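If you scroll down you'll find the structure; I have some questions about it.
Here the chain labels run A, B, C and D in written order, and each chain numbers its own residues starting at 1.
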Amino acid sequence: MQLGMIGLGRMGGNIVRRLLKNGHTAVIYDRDPAVVAKLAEEGPTGTSDLADFVAKLEKPRTAWVMVPAGDITEAVVNELARLMEPGDTIIDGGNSFWKDDIRRAKMLAEKGIHYMDVGTSGGIWGVERGYCLMIGGDKEAFDRIEPIFATLAPGHGDIPRTAGRNGDWARSEQGYIHAGPNGAGHFVKMIHNGIEYGMMQAYAEGFDILKNAASERLPEDERIQIDITEVAEVWRRGSVVTSWLLDLSAAAFMEDGELAQYSGYVDDSGEGRWTVQAAIAEAVPAEVLTSALYTRFRSRQEHTFAEKVLSAMRKGFGGHLEPKVPPPDVDK
Amino acid sequence: MQLGMIGLGRMGGNIVRRLLKNGHTAVIYDRDPAVVAKLAEEGPTGTSDLADFVAKLEKPRTAWVMVPAGDITEAVVNELARLMEPGDTIIDGGNSFWKDDIRRAKMLAEKGIHYMDVGTSGGIWGVERGYCLMIGGDKEAFDRIEPIFATLAPGHGDIPRTAGRNGDWARSEQGYIHAGPNGAGHFVKMIHNGIEYGMMQAYAEGFDILKNAASERLPEDERIQIDITEVAEVWRRGSVVTSWLLDLSAAAFMEDGELAQYSGYVDDSGEGRWTVQAAIAEAVPAEVLTSALYTRFRSRQEHTFAEKVLSAMRKGFGGHLEPKVPPPDVDK
Amino acid sequence: MQLGMIGLGRMGGNIVRRLLKNGHTAVIYDRDPAVVAKLAEEGPTGTSDLADFVAKLEKPRTAWVMVPAGDITEAVVNELARLMEPGDTIIDGGNSFWKDDIRRAKMLAEKGIHYMDVGTSGGIWGVERGYCLMIGGDKEAFDRIEPIFATLAPGHGDIPRTAGRNGDWARSEQGYIHAGPNGAGHFVKMIHNGIEYGMMQAYAEGFDILKNAASERLPEDERIQIDITEVAEVWRRGSVVTSWLLDLSAAAFMEDGELAQYSGYVDDSGEGRWTVQAAIAEAVPAEVLTSALYTRFRSRQEHTFAEKVLSAMRKGFGGHLEPKVPPPDVDK
Amino acid sequence: MQLGMIGLGRMGGNIVRRLLKNGHTAVIYDRDPAVVAKLAEEGPTGTSDLADFVAKLEKPRTAWVMVPAGDITEAVVNELARLMEPGDTIIDGGNSFWKDDIRRAKMLAEKGIHYMDVGTSGGIWGVERGYCLMIGGDKEAFDRIEPIFATLAPGHGDIPRTAGRNGDWARSEQGYIHAGPNGAGHFVKMIHNGIEYGMMQAYAEGFDILKNAASERLPEDERIQIDITEVAEVWRRGSVVTSWLLDLSAAAFMEDGELAQYSGYVDDSGEGRWTVQAAIAEAVPAEVLTSALYTRFRSRQEHTFAEKVLSAMRKGFGGHLEPKVPPPDVDK
């Protein structure tokens, strides 16, 4: 079937390519005409602006928005809302905040336009291997567009089947799910990323302790020199902590066991923060997911103000400088 | 080659079986003679006590101790130290504390006996699939016994090779490593388990937030009902959080998405605690690994005393009962 | 000067009493006429509804709203907005969310009405000792109402003066501050409560470890029986951890060192949650304030779903029940 | 009565002064003869080595050791053990590890020598105001030396009495306790310091969030400029978070609200680490006390290795550099 794609960056462009390769067609738009022209050489129909884009789509239209989350996505969705008609569908495939999905879906529903929020995992590998898709929105639109999702997803491949699953392959086993109503797709993707932070931090701390096992802070007879490149590799083989993130770590250590090229400055995207907010709203204790986020906050500062406050208090009671207040009122 | 095995529980027995199946021979001992007799039917030489066990081993002897860590392992090693001769080797394949390894190795070295500490991962799956082995001890003993380790390990199988690795398969790619001197094997296994705790907790918190996304604590229009069984399954397919622990979760949810059979009481073994101790000794911040441990501590109590202290303070300043102390000294 | 008070609960009623005792006058309203009538006996002018309340206030009017935060405060402020006139001032003395203050202030500014958000600490002790006040809003309104604030605050009392402070007493030394524009008052109060949570948890954990120092989980020769009632008391005397919260703890232990009357179920109010949200918005790592909040979340559940997920994974790899998925793909 | 003091640094010297001022006598020793000579001018009996020191003490002797914890204290105690006689008492007033106390006490008991472990809080303020003392050891020795402890402690002063306490002042109300058998004194002091870390971190995080409330990371209309010097001061007056540590913070901010003179590098002493170890041994969750410790670990590094591991993984799946491993095995 036909899909319209807005935003032809690495993700948007590759999604189009994967669809074309599997017999679908596409109408494409990007604010950079050169990008449109270049991708159009591979087959899809290029367009010059959003009005042109909408005009060239078959009804009911399906427009996948793959632009940066936040203001840009908001602007594109609003413009599409103006241009599109009842029965059409807008898909937000970016990393939007799930409450924005609920709000937008309501606004669009008033115009008879469907909205789908699609959490998309797989990154640069997706064009070849497929994307893991977590989809929110009404069932009617989902059913109509399912062939697109099924093509984009990895399919079942040769991953061992989970015990208890028999017969036809479920959607989840093919790598995509209809997670629920609007917001559900990005909510599930948000938690996916929250867990990702936690797992990454678990490995990171473990390797840090291994790395420092020969630290001069330790008593001399308790120091152990450990080759973490070999440790990461051996854990890939039959251990309990086997994972794709471990595979990536093993590859990074293979390149350089010191990771000297990395500064240690670590960004965070919105999903980690929203995960904590969701935990708080639900009153679910989420120590590990939150600590993983805070570590990243800390990594981007030379020192926190908090640390200076600690130093100041220590000076206050330790007397390295003359303290400025009397102690608790005793013995007078 | 020949291996002596002491302790024929699930792990010890299966290790023997995997060796026999691959052309090695074994001398076996267990404090329960019936267990010895039963396994002896499959080929290995049974023995009636540790003296008999040592006598039946070819020199230089290799004795693998697979009994509960702590006092029992200690007693067996001490008894073997008395019975064995220079050039022999004792292997501790259990979950011993790595500093105990260093101590024992020193004591045995004075008698000319080698000691190896082997962290063994793979559990009930090991007999068929192989064990991930992290080995500490002197190189001489390691070299002599390597055929045993190579047989027990999974081998390279068809796991994709890490980029940058070429030519002959390294030991780590076959699933075992010589991690370093004594203590190194159990140290690496300890960190493996510490990471395991952290990863498990990351998933657990994520699924908890998903489960509570429909909680009545939330505003009605922000509740989402999510089928976590399908979420766990879809994440196995091309997402970033793919792992064996996720596979296990997916299987557990398939059986019952409510996990109603589980009380939520979660034990911890020594490795998680020792990991935190190592982090502290090295001054490495290990928030996530520590929180994962504390969650388990908390899971085993109805309420902590700490929580009662909080309640008591709240009553103190909130006035639900008459507070028992005057407030800070103001305005008098 | 004259203050109007809406909401005559423990806080609102006592604020009125403290003002009357110091020469101010008051107009009062509560949705329960009996409460109005009763307090009116002590001098203030009772009113029967908000229209009556507004009518009886001298211009420019000053109305202090002391009702539960959230919908009720919102409704009262909106009703006052309808009834009051340019130059009047509405004070929200409750525990409102600071972003609501900013929103309300903007709405009221369009009508020429001032709005002040006042964080009020001191609880049941305030009527006698005074309230610690953190005030947000425009300077003009603040200046006009300052006599009220100065009366409600504790005054400097005989608390030792901070080094470097000389001459006239600053407002802060008298127990109230103009913290900044609207939102600032409740923001500072929010952080106050966030810190309060963290401090409480620090004491709580410390006493928990002391209480369990004689635990049977410990080796027999490492158990120590400690009388925490005496410990809390002695720390009040010249130690570094002296505080009012410690005073409250000492009093609670004096009553019963086991705290047997407390269940350990611990509530949290909005401020702790908003503090974490502010930390996240600012990318400030706030491990301790967040952990203190999560502990309370945990205290209110028998078991988390997360804990059940842990148990399920452990069963998966530990083999206590038959695992439902194959292990990572090795050696086949 | 007479006390012998070994180690005449700030603490040891001031303890002697406080005793002399209150009618006791002292025999003093320090490895630096000049220090001995100087303090001897104020009255106590100087000595030239430990043998001389022991010789000049009246029997039964009381020797207070106030030298750095660890190897130095160990050496001094061992030397005293050699020189002293049955019935004598050794007091360790430093910050020793409580398990060392238990070990030493056993060793000394075999010689008939008493041992007391005394946690001493009060620092540079102690000479004037008195020391908060937490004392472990046998009751017989405690009773004999109590006059010394009573003199060193602050006494009840004019701190308000805790409700429920009547009649004679308990020892705890005078600022010293017999906490229990050997180890108990330093155990209680250890927890005191653990709590101190947690409280400090709670304030530090709170002030950090206040400081960053005007951060440019925030939406422009959600930024608030807050004067934390005034906030710290106002909280000293009738708020719930009143404490001596807050007094110290207020003084530090008064000097410089930016705390520009502090680097933010924060040391930790043994007590914080031992507190966490005790929590783990007892299986008590101690999130806040542990996080407070980890913050200090982190403050002393430019970047952790863990952070580099995170960056490396992110590069692996985000594709900013060519990843080195294939993704999970799908769709082939």
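As a convention for this text, a contact is a pair of C-beta atoms (placed from the backbone, for glycine too) under 8 Å apart; a residue touches a chain by one contact, two chains touch by 3 or more.
This structure is a prediction, so every number in the text was calculated from the model and none was measured.
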Shared interface partners, meaning chains that touch subunit B and subunit C: A, D
Between the pairs A-C and A-D, the one where more C-beta pairs touch: A-D
Intercentroid distance (Cα basis), subunit B paired with subunit A, Å: 31
Inter-chain centre distance, subunit A versus subunit C - centres from mean C-alpha coordinates, in Å: 36
Intercentroid distance (Cα basis), subunit D paired with subunit A, Å: 45
Sequence positions of subunit D contacting 2 or more other chains: 122-123, 125, 129-130, 154, 157, 159-160, 162-164, 175, 201, 203, 205, 208, 212, 236-240, 242, 244-245, 247, 250-251, 254-255, 283-287, 291, 294-295, 298, 304, 306, 317, 323-331
Complex interface listing, subunit B residues touching subunit C: 10, 122-125, 128-130, 154-155, 157-159, 175, 200-201, 203-205, 207-208, 211-212, 244-245, 247-255, 259, 262-267, 287, 295-296, 298-299, 302-319, 323-332
Of all residues in subunit C, those that touch subunit D in their complex: 98-99, 102, 121-123, 125-126, 129-134, 153-154, 156-157, 159-160, 162-165, 170-177, 179-181, 183-184, 187-188, 191-199, 201-203, 205-206, 208-210, 212-213, 215, 217-218, 221-222, 224-227, 230-231, 233-247, 250-251, 254-255, 275, 278-279, 281-289, 291-292, 294-295, 329
Subunit B partner contacts - residues on subunit D that touch it in the complex: 160, 162-164, 236-240, 242, 268, 273, 276-277, 280, 283-287, 290-291, 293-295, 297-298, 300, 304, 306, 317, 323-331
